[in-house]
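Next come two complexes built around subunit A: one with subunit B, the other with subunit C.
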Partner chain A sequence: MAAIADTPVLYVRTAPAAKLPPPAAGSGFIGWLRVNLFATPGNAILTLACVALIAWAVPPLIRFLFIDAVWSGPNREVCLASPAHPEPGACWAFVRVWLSYFLYGFYPIAERWRVDVFFAALALGIAWLGSISAPRRDLGAVYFFIVLPVLSFVLLYGLPAIGLAAVPTNLWGGVLVTIVVAAVGIVASLPIGILLALGRRSELPVVRWLAIGFIEFVRGVPLITVLFMASVMLPLFVPQRLEPDKLLRALIGVALFASAYMAEVVRGGLAGVPRGQYEAARALALTYWRMMGLVILPQALQVTLPNIVNTFIGLFKDTTLVFVVGIFDLLRTIEAARGDPKWATPVTAGTGYAFAALFYFIFCYGMSRYARGVEARLSRGGRR
Partner chain B sequence: MKRIATALSIAMLLAFFAQTAWAQTLQTVKQRGQLICGANGTLAGFGLPDPQGHWTGFDVDFCRAIAAAIFNDPSKVKFVPLTPANRFTALQSGEVDVLSRNTTWTMSRDTTLGLDFAAVTFFDGQGFMVHKSLKVSSALELNGASVCVQQGTTTELNLADYFRSHHMALKTVTFATADEAIKAYDSGRCDSYTTDSSGLHGERLRLTNPNDNIVLPEIISKEPLAPAVRQGDDSWEDLVRWTHYAMLDAEELGVTKSNVDDELKSANPEIRRLLGVEGQFGQSLGLTNDWAYRIIKYIGNYGESFDRNVGEGSPLKIARGLNALWTKGGLQYGLPIR
Partner chain C sequence: MARQKPDPAAAKPARAGAAVAMTGLHKWYGEFHVLRDINLAVGRGERIVICGPSGGGKSTLLRCVNRLEDWQRGSVVVDGVELTADPKTILAVRRNVGMVFQQFNLFPHLTVLENCTLAPIWVRRMAKKQAEELAMRFLARVKIPEQAHKYPARLSGGQQQRVAIARALCMSPNIMLFDEPTSALDPEMVKEVLDTMVELAADGITMLVVSHEMGFARQVADRVIFMDDGQIVEVNAPKQFFAAPQHERTRLFLQQVLR
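Right, the complex of A and B next:
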């Protein structure tokens, strides 16, 4: 020990040295690029291809939609190419003029406030039921599933007894029809789909075979055929007085169709619940409905939530098919309007479709984001 | 342009089921208080709503004329937008009282679908549009031209027939939709674009420079457009037919929307019979004798409706052509009211 102490110490570091930055190639922005975008040659090629694709597609799109766009004007002249404006962009002026038709269709102008109230009531219901922090969500459910449908019917269809003039459904159109068809399809398909899924897994043969027969039949025919049959064949066999309303026929067709798909999605979830859960529920002497309602379905629906939302999004976009029976949904109203000789230009149709794309994107992406949020919340619960 | 194959086969099958005894349409319409009219809803100039949702067009005004004759009120019409696929069943099943939706009168439709066409309100046919720079003034100069056309339509077949029968070389460039075909023509991929002439004028406006393109005078196919009613109600068919002829007679006699009140005092016996000053012609249709006066008062004569919706007074600017009165070299010939 003494020998060491006697040895003269040349230098002892008493404080730790300052940390060196990691090698430049492995950290910071360049490091991030290397790890995430250029990790392997294949990766690098993909990255470059994607960058090229974005550079090729996005600037012209932005140019068309915003920079070169025409925002207002009285008629087609403003959207035509001119020396001052050689490359005409989107003709938003056309959408502005036609917007009320895209929203309400032929709905009488004096009564359009009723549609606005309906949109507001629907938005309130969705916000109330959809937000986790909203107060009294039990009341929200009553509002959404009982009050809202009645209110909507009275508002949109009218009830002469209380002074709301009847507005026959052939006057409905545009966004109104798209929302009504999608909302009815979504709201009806989940409960019916769950019942069908339970029926398909039932131990009662009659119930099981009926459910299987319905699901397989509906899944076996295209929606467009169902709608066509409902609108074209039905009137020939039913006396005109008893004939259901055209929109109602389409609504029933869409709801049944969506239910069959929903049933299969829910069945997938049911199959994913471990057998032990059923046995445990039975061991607690729960009845069939309580077992399903308290133990099995909550787990099954959670597992399958992404698929349920996927079905909703598909349904939302399928609503455009109602045009085959002569109902003017949003897309159809745009297609009608683009033929207007007052506004017909080379960019009119493109602008109309861009507007439709924007509308569908906002709704579908909104549904998708909401589902992601719910999923994250549920999986947190699962980890606890 | 008429994608009819599927619809037609279904409709023909269904025609067997459709009841043929549909008398009393006029009675039903009067009781209901409005006429139900099957219209297009997407064809500029013929049936298209305006931004306020108000229906406009040549076929639409025809239905308004019927309503004016019956109710003395052209607004008592409910328009039902129909697709090519469901238009005939809508008529057969009684969903609409009259089909006024740019429908071509053909023998097979007339004989097998359980419906009758009332009168040709518009003589349509396939035409050509060319770039002005081609310096062509007749379709017969299109030898060797490339023509943009929508795939799988009678238009495509007519085109091939026309070129073959005139011993001209043809390069067709086909597209699945009319939109793509017109875009390709606009970008210069073809020398010419062809479709029914009623649509051609509307499509022209969608080009980058509409004025650099002209519609050639030749019409190479017959597309007589006519309103249709259910077979078996002859008096209703008469009413629809004479609505058209009354409008034609009014044009021929110079009776217009603006001078119709003065013409009531006219000494011309033809005008007096038309406007119901003399004779009982309205009553024989089940209407009042001033039925034609009402039509002209609210809608105008044939020429006025044509001009306002598709002719010089509209953005479409379709020439009268075959639809001129017979006195002016056209085919529209109003039958005598007497």
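Right, the complex of A and C next:
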């Protein structure tokens, strides 16, 4: 022992180091400004430039949309420049008068409740499937992917046998059509995209070639072309008797187009699932489809959910292109309404487009927020 | 192949018919001959530990037993069923062969309990409640019933590996394959996993274990197999294997790992 005691001790802590609260980040508002906005000269210039940009762009916009806006009135007179109102802003009176046309198109007024029920049913499906903590999301999926499509078809198209008069699709229009096209694209593209993505990774060469061929072909062609092709070429493949109607053709085109993009998104998610997951699933004697459905896809889709929602956002905006095959989506109804001589003013078109922009923005921003919320929640949930 | 047992006490007598029989097995990865003329019969209830240098083909050999890998020549018979390319045969064999991996490979999107009940429910067609009871029994056996409702990412490595063992046991396999089950663990967690495996060995389940845990091999193995360069170089009772290895390469290897 003595020999060891003689060797010098290098360090021994005698008193424990005090546990301190973290230092305050900055002092108050000024401190925050200094740290975040004016940390360096370059930073300060950037801040000032941005403030100038906002000051230049935002007030006129607010003045046009709200302050100088005309909220109600019987006709164009209220939205024209007058001594009392030298610079008229948005003519919301026009939107109010035409609103039901923007929502339903020429859908018969007596039957419009069916559209409202459809909107509500769709909202229920989205809320059920979309909120992670909702009960029985497996039932939610059945509702969304099976019950809802059938219900929507019966509601919107009608089923005379049960007393719902048929409403031909050429009477549909506006938000109804926009939502139908987007919803069909979304509901169809996810399962078809998943199948295509699996096909692309298949060990069977024929399946793989078919999947690759389809995906690459559709992705190599603009949506407008796909829509034209669906509307012009589909009748060539389908017996005359069954000639699908115009909206259906566009829906098929949109669904195929969206599926090809979804396939690539899902493929990215699949690539992120480690090989060990496949091996563990196979070692447990799961069949291919059970392995995919229970182990691989849930992980792949979870990882890639933000990308899936991004694709949905893109699709939602792309639905405006269906006007090229003569379908009256929201944008097309606005286009039609702004030609109404009763409301012809210099601000009518601008108001209509502002309304459309607001509509698309609310939906797309909602989806984007949702994706980010889910992402944050998953990473907080400690699942990975 | 001849089973030499210089120390009869070291090996349990195998019941009729081999649990696993590999005959003239060859496998290539492209040009690379990864398994060369493997002949091995594992008796029912026998515990085999396979060791050898990295890249020697140990994992590949093990993965041929449940056909996670296929081969070009030779045959593998598991519980009297010859493994062919037929998916039904493969699934039938996998139902009775459990596997534990180096990286655990738990399903991160499922809770511990769901990990354990997945295969009993979907493969064995067990009722959910029954499967959960079964899973809780095995989770209790590996001593982590209280973690049942957590996600795997919240568990330590040792706990995850014990869940992986429980998950495999829930299928009531006749044969368990372990591919370096402790190699990815921090040293302080190795023991809890090895203890679980020792208990399992006492139950008489057939075990094929790739491991460099020589203490474990000594304690539970009926036979130790040394593999190098795609071949079985030596098969021996553990006592003999560690005290008097027969092959030059075995000796070199043991010198390195036991140093």
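Here, the second predicted complex is superposed on the first by the 339 of 384 C-alpha atoms of A that agree within 3 Å, B and C clash if a C-alpha of one lies under 4 Å from a C-alpha of the other, contacts with A are read in each partner's own complex, and residues count from 1 in each chain.
The rule is simple: contacts are C-beta pairs under 8 Å (C-beta built on N, C-alpha and C of every residue); 3 or more make two chains touch, one makes a residue touch a chain.
All figures in this text were calculated on a predicted structure; none of them were measured in a lab.
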Legend entry - Partner chain(s) touched by A:L294 [first = subunit B, second = subunit C, both, neither]: second
Inset, instruction - Determine, under the contact definition given at the top, whether A:G213 touches first (subunit B), second (subunit C), both, or neither. - result: neither
Inset, instruction - Count the residues of subunit A touched by subunit B and by subunit C, then name the partner with the higher count. - result: B
Legend entry - Which superposed partner A:Q302 touches (first subunit B, second subunit C, both, neither): second
Inset, instruction - Name the contact category of A:A280: first (subunit B only), second (subunit C only), both, or neither. - result: second
Inset, instruction - Using the superposition on chain A described above, determine whether A:N170 touches subunit B (first), subunit C (second), both, or neither. - result: first
Inset, instruction - Answer with first, second, both or neither: which of subunit B and subunit C does A:T348 touch in the superposed model? - result: first
Inset, instruction - For A:P235, select first, second, both or neither according to whether it touches subunit B, subunit C, the two together, or no partner. - result: first
Inset, instruction - Jot down the residues of subunit A that show up as touching in both complexes, subunit B in one and subunit C in the other. - result: none
Inset, instruction - Under the touch definition given earlier, write down the residues of subunit A that touch subunit C in their complex. - result: 274, 276-277, 279-287, 290, 294-295, 298-299, 302, 381-384
Inset, instruction - Show which residues of subunit B lie in contact with subunit A when the two form their complex. - result: 10, 14, 17-18, 41-45, 48-53, 78, 80-83, 85-86, 89-90, 92-95, 179, 183, 186, 202, 205-209, 314-316
Legend entry - Interface residues, subunit C side, partner subunit A - complex: 66, 68, 87, 91, 94-95, 97-99, 101, 103, 105-109, 118-119, 122-123, 151, 153-154, 164, 167-168, 171
Legend entry - In the complex with subunit B, residue positions of subunit A that touch it: 76, 80-81, 97-98, 100-101, 104-109, 168, 170-171, 173, 228, 231-233, 235-237, 240, 323-326, 328, 332, 335-337, 339-342, 344-346, 348-349
